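What follows is a set of structures to go through.
Two complexes come next, and they have one chain in common, chain A, joined by chain B in the first and chain C in the second.
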Partner chain A sequence: MFVLPRNVKFLAYALVLAGAVGLAIGFTQDPVAEAGHDAHGTAAVADHHNDHAAVADAHGDHAVDAHADTAGAHAEEVPADTAVHAAGAPTDHHGPSESHEAVAAHGDAHTAHGDAEMHDAHHVDQSGNRPWSALLVNSIFFLSLGIGATFFLAIQYVAQVGWSAGLTRVFEAVSLWVIVPLLVILVIAIAGLNHVHGIWHWMHEGIMDVNSPNYDEIIAGKSGYLNGPFFIARLVAYIVIWFGGAYLLRKNSLAEDALPKGQNLWKKQRSLSAVFLVLYAVTSSTSAWDIIMSIDAHWYSTLFGWYTFAGMFVTSIVALNLIVIYLRLGGHLPWINANHQHDLGKFMFAFSIFWTYLWFSQYMLIWYANIPEEVTYYMARFGEYKPYLITMVVLNFLVPFLLLVSRDAKRILGFISLASFFVLVGHWMDHYIMIMPGSVGMGYGFGAAEIGGFLFFSGLFILVVGRNLGAAPLKQHNHPMLKESELFHQ
Partner chain B sequence: MHTTDSKPLVRALYDDDDVVLGAVKELRAQGVAVKEVYSPFPIHGLDKAMGLKDTRIAMAAFMYGLLGLTTIVTITYFQMIVDWPMNIGGKPNATWGWNMPAFVPVLFELTVFFTAHLMVWTFFVLNGLYPGRAPQNPDPRTTDDKFMIEVEDGNHVVDLLKKTGAIEITHA
Partner chain C sequence: MHYESPVREPLVLGNKTYHDITLDVVRPVESTAPKAWWIAFSIALAMFLWGVGAILWTIANGIGSWGLNKTVGWAWDITNFVWWVGIGHAGTLISAVLLLFRQKWRMSINRSAEAMTIFSVIQAGLFPVIHMGRVWVAYFVLPIPNQFGSLWVNFNSPLLWDVFALSTYLSVSTVFWYVGLIPDFAMIRDRAINPIQKHIYRILSFGWGGKAKHWQRFEEVSLVLAGLATPLVLSVHTIVSMDFATSVIPGWHTTIFPPYFVAGAIFSGFAMVQTLLIIVRKLFKMEDYITIQHIEMMNIIIMVTGSIVGVAYITELFIAYYSGVEYEQYAFLNRATGPYWWAYWSMMTCNVFSPQFMWSKKLRTNLVFTFIISIVVNIGMWFERFVIIVTSLHRDYLPSSWAMFSPSSIDIAFYMGTIGFFFVLFLLYARTFPVIAQAELKTILKSSGESQKKHHTEDDHAHH
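What follows is the complex of A and B.
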């Protein structure tokens, strides 16, 4: 039986403690004061003014006389190379007070301008979102580890996979973790619905009330899907389906161990996995819309669910690689060798490229079409967040591609560990860039809340997964494909 | 059939792929040089059992990919930026970098095209597979349901081949 070594356990407790302190600091810090100290806040705005002074001037005329134009007409008037700036200009160049007037004057003009002004209007409120957003980024990052492992485990049964039969206990241990981040997300959602924070634009007070100054016609039009009770019901459904799937797969797996030699519950597991995968196919997309895409509630992308899923899956595969490497080095998995690691490495390599494909597909269509209501999403991401966005794509595509493209590299633990480290950082940044521009705008940073949240969850992750790994033998007794897994070679 | 080897060859026919695999391992363990194995289909693990060198086609493939990428970067740069810039969808094409996202699909296609095609041609050339080449197969039955091991002649080679399950042995 696997026992989490005392020093690792100590490290995990230290991480949880340090993370909790970091989160506490993040939550108690005065957000306005912090934003003032933040190098990214005001300084970045000033920079923008200098960079685009000419554009801002040119745009001035439009701001006065063309605000009520439709977005399309507006974009056509502006020369092609400044169209991009025109769409995003209000966010970058106008102060909050001016925007408030603009909203009042053009309340019905829900063009790209209206959109950008709405975001700008609650820019001041957004700084209070910072610790909650940091918590959400880390919850989603760590959620991906758990749900990706559950998905991967279900795939093993449905595809009748043989090679991984000796690894199912590791997948199970990670998949059960899914409940912790899900519960934290539920807490964040309930806090949002009670206006404790304003991460989700559509949860703002009065945003769907025609008589409120906060009224937003576009968001009100989505109230059939984006409303409090349905949102909570969907989150509860994710908890039931995702954790339920992980729990039942684990339960049957343990029950199988107790059966006489030669008997198994494989068929039952397979049916269960098939049902889970059908439900997950739907909930993976809807959860991405709910938790992440609805932060930028005006914007939508039909690819978003798949893009999020691909990122989550590859993050989980990377974590599984690292856990398997750790267990192998400790001598806990003598029946696993370079051939199994090679296959896990292939998954990491392949799904890094798959993620890039989806990320780029979403980006390129929006970039090429240049429709104002779509490009707003990438304005901030290719503006203030550009260094992180570029770094993130390099870490998530170029690094794993070049490190793992050769066959030999996928069989060397050092290469896999190195690639895993970079991909984990890259996908943390990916989730950061998905969430932060919409929830805190330019008041982002890497402070106590972000780092603390990460440490807190990683400590908990080590404790929970370590406990799950130790709760049962690391090898299933009666899995029908165990022999195939032991003999597996390539 | 003559080969460049001066040593005479012995050819043994088998009727089962597992037996062939076991025979190759046994022969090599006994110090017999296995020159070639003929089979109607690929036998898993045979390359390792024969002690063949790892293929270097992967490295070649990577180089072909880089060649393809370089080619298409040059083509797009010359055509779309230098020679005949066009305003497509309002995208400024003053620099290649600004327009890069529009080129990514064709960058991918040409990289894959070069890799795949040049790999296939490399494979053909290395294996001497070209039209009009005289058949190298000593026994047509190995294209149907029989397997053949070709070894260098030596002491007790025939006995050893019989022991490993050969159903027919000929001296070349």
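What follows is the complex of A and C.
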């Protein structure tokens, strides 16, 4: 039986502790005092889905120019105080991304309308979101490790995979981890609904109330889906389905060990996996809309769910590669050799490309069509977040592609580990770029909360997965494909 | 030899030897055509000629002979184009992706699936070429250095990307198909008695000698081609989807299009493979090679891809609501309840509901039911393209420009003609080519043949 070595355990506790301290610092710092709080720029949203909306992207250093352009083009149409407010935006570095779009409608009817409707952004201080956003980024990143492994495990059963039968226990150990980040996300969501923080724009006070100064017509139109009770109900459903799937697959797998030699629960596992995959096919998309896409509450993209899924899956495969390497080096998996590692490496290689395909599809189509409703999303990400966005794509595509394209590289532990490291960093950054622009806008950074959150989850991950690995033999000896896996070569 | 778990079902039924496989595969090539073949060929040829007539009529009289109008400037032709390209996806998926995933069951079906791919891409290509009007200058779509002055292809246009994507796909698929055929042509060559036939197959088999070095190169090139062809499986329909998704037309511009079109293409491609192979296995008595398990596997792929397409439909509907953009919302409402509601609901029924029957083991192993569903799916996928293309166009921004589309007799003849052409090619192929990749199939006989497998299981028990 596997036992987490004492020094690793010690390291994990140290990580948890250091992470907790980092988070504590992040949460107790007063970002408002630091930032000067007259808050974010103005989002004058005047019926911007109606008619010809002109988007003045006033963000980052380009804000002044961009604004000047808009002012020039629509001088007679932009209401005076909108112009004043928008001009104020560049001096403020803590506005939400949406405040960077001063949207001025120039249909006459709508201009009048826009004036009346204009509101002074949504009054929740965005810089106060910083520690919560940092926690959310890390929760999502670590969630991907667990849910990706559960998905992969289920695929092994439904597709009757042979080579991986000697690795199922590792997949199980990681899949059970899914509950920890899910619970943290639930806490973040409850805190958001109680206005402790304002990560999710649509949770802001009065945003769906016509009489409130915070009223936002577009967001109010989504109230059928984006509302507190339904949101919490969906999160609970994810916990039940995802953790339930991981738990039942593990339970049957352990029960199979107790059966006499030659008997197995393979058929049962296959049906269970099929049911899980159907439910996951729906919840993987809805969860991405809920937890991540609704942060930029105006924005939408039909591909977003699948894109998020691809990123999560690849992150998980990378983590599984590293864990398998660690266990092999420790001599815990003598029945696993370079052939199995090669296959895991192929998945990392192939799905890194698949992720890039979806990233590019979403980006390119939005860039090409250049519709104001959509393109704002990339305005921020290709504006103040540009260096991170480009680094992220390089890490997630070019690095694994070049490092792992050759056959031999996928069989050399050093190459896989190197590629894994870069891809993990890349996907952490991807989640960061998905979450931060909409929740903290310009006030982003890598401080105590971001680093602390990462260390905290890393420590917990090592402890939980280490415990799960040690809870059962690492070989599922009644698995009908086990001999195929042991004799596997390519 | 690869060890195979006893829980896996055999892929070659009966007590077959290598020689049995040779005889079974070569039989249609060496025997004279049955009457059924001649009847089918005559019908296909008649349809093809009908289509040729329509094409000539179009070239002589112009695109005005089609049912297009100012509002719906793209309809029948592009629907058929996308439909045929989609069908052409299963072949490369089976031969390349399933090769990379080490799926042995692909070996009895890959040859016909690849043939189908190539023939359907040819049909697809006809539509945009004829739609150009002056087909004799069709080569203008290629970015060749020219003396036409400033005339140059528009690299910003997804239609040009289509030219590259399709021609790459067609050429790689053809090479892939042909490389696999070489050892099989050599087998026919070695058996041929008629000197003319022997000579033809000698040329076709490129001097294949079956030496270890030949096999090594054969395997190497297969793997390299599989690696090249896998991104092509995704890229072709991705780019076809961009013909629509790069626009700003509600119902067309949606980011999910690339992967969703690919899933739909694989879905329809497998349905067409299913239709063809159920006939082939019956006519050529290939039941021991194209087993019920093969049919079942393909049905599962149809079910999975159909469900992915279903998730995409629901995602589009949901995001239309969620976006709050009234044009988007109207586009989808109009699809479901507007004048083309019947097309929308045909699509939904055929593509999303009908594959769900395949959850039942009893139904997915039933040949008659499978055959019906495979045709239903292809009808549904035709309607999908029709719905996407026509319903998004027919309600123009100005109500005074609203219009309906109905195909002219030339449109119908052209479409039927491509079906005829497709079957002409497929029927000729079935008589002259080995319809099963026998050389490859022989490599798995020891591990996956029924009687051989029984043997292993007994051995297994003896050892323990």
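Note that the second predicted complex is superposed on the first by the 399 of 490 C-alpha atoms of A that agree within 3 Å, B and C clash if a C-alpha of one lies under 4 Å from a C-alpha of the other, contacts with A are read in each partner's own complex, and residues count from 1 in each chain.
By definition in this document, a residue touches a chain if its C-beta (ideal position, glycine included) is under 8 Å from a C-beta of that chain, and two chains touch if they have at least 3 such contacts.
If you're wondering where the values come from, they're calculated on a predicted model, not measured in any experiment.
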Is A:W335 in contact with chain B, with chain C, with both, or with neither (first, second, both, neither)?
-> neither
Go through the superposed model and pick first if A:K222 touches only chain B, second if only chain C, both, or neither.
-> second
Would you check which partner chain A:Y247 touches, where first means chain B only, second means chain C only, and both and neither mean what they say?
-> neither
Going by the touch definition up top, name the partner, chain B or chain C, that contacts more of chain A.
-> C
Which partner does A:A369 reach: the first (chain B), the second (chain C), both, or neither?
-> both
So, A:S406: does it touch chain B (first), chain C (second), both, or neither?
-> first
Of the two partner chains, chain B (first) and chain C (second), which one does A:Y326 touch, if any: first, second, both, or neither?
-> neither
Overlap of chain B and chain C contacts on chain A, residues 368-369
In the complex with chain A, residue positions of chain C that touch it = 2-8, 100, 102, 231, 234, 238, 242, 245-248, 253-259, 307-308, 311-312, 315-316, 318-319, 321-326
Would you mind writing out the residues of chain A in touch with chain B in their complex?
-> 80-81, 83, 360, 363-364, 367-370, 405-407, 489
Touch list for chain A against partner chain C, complex | 49-50, 160, 162, 218, 221-222, 224-225, 266, 278, 281-282, 285, 289, 300-306, 346, 353, 357-358, 361-362, 365-366, 368-369, 371, 373, 480-481, 483-484, 487, 490
Interfacial residue positions of chain B with respect to chain A in the complex = 45, 58, 62, 87, 89-92, 101-102, 104
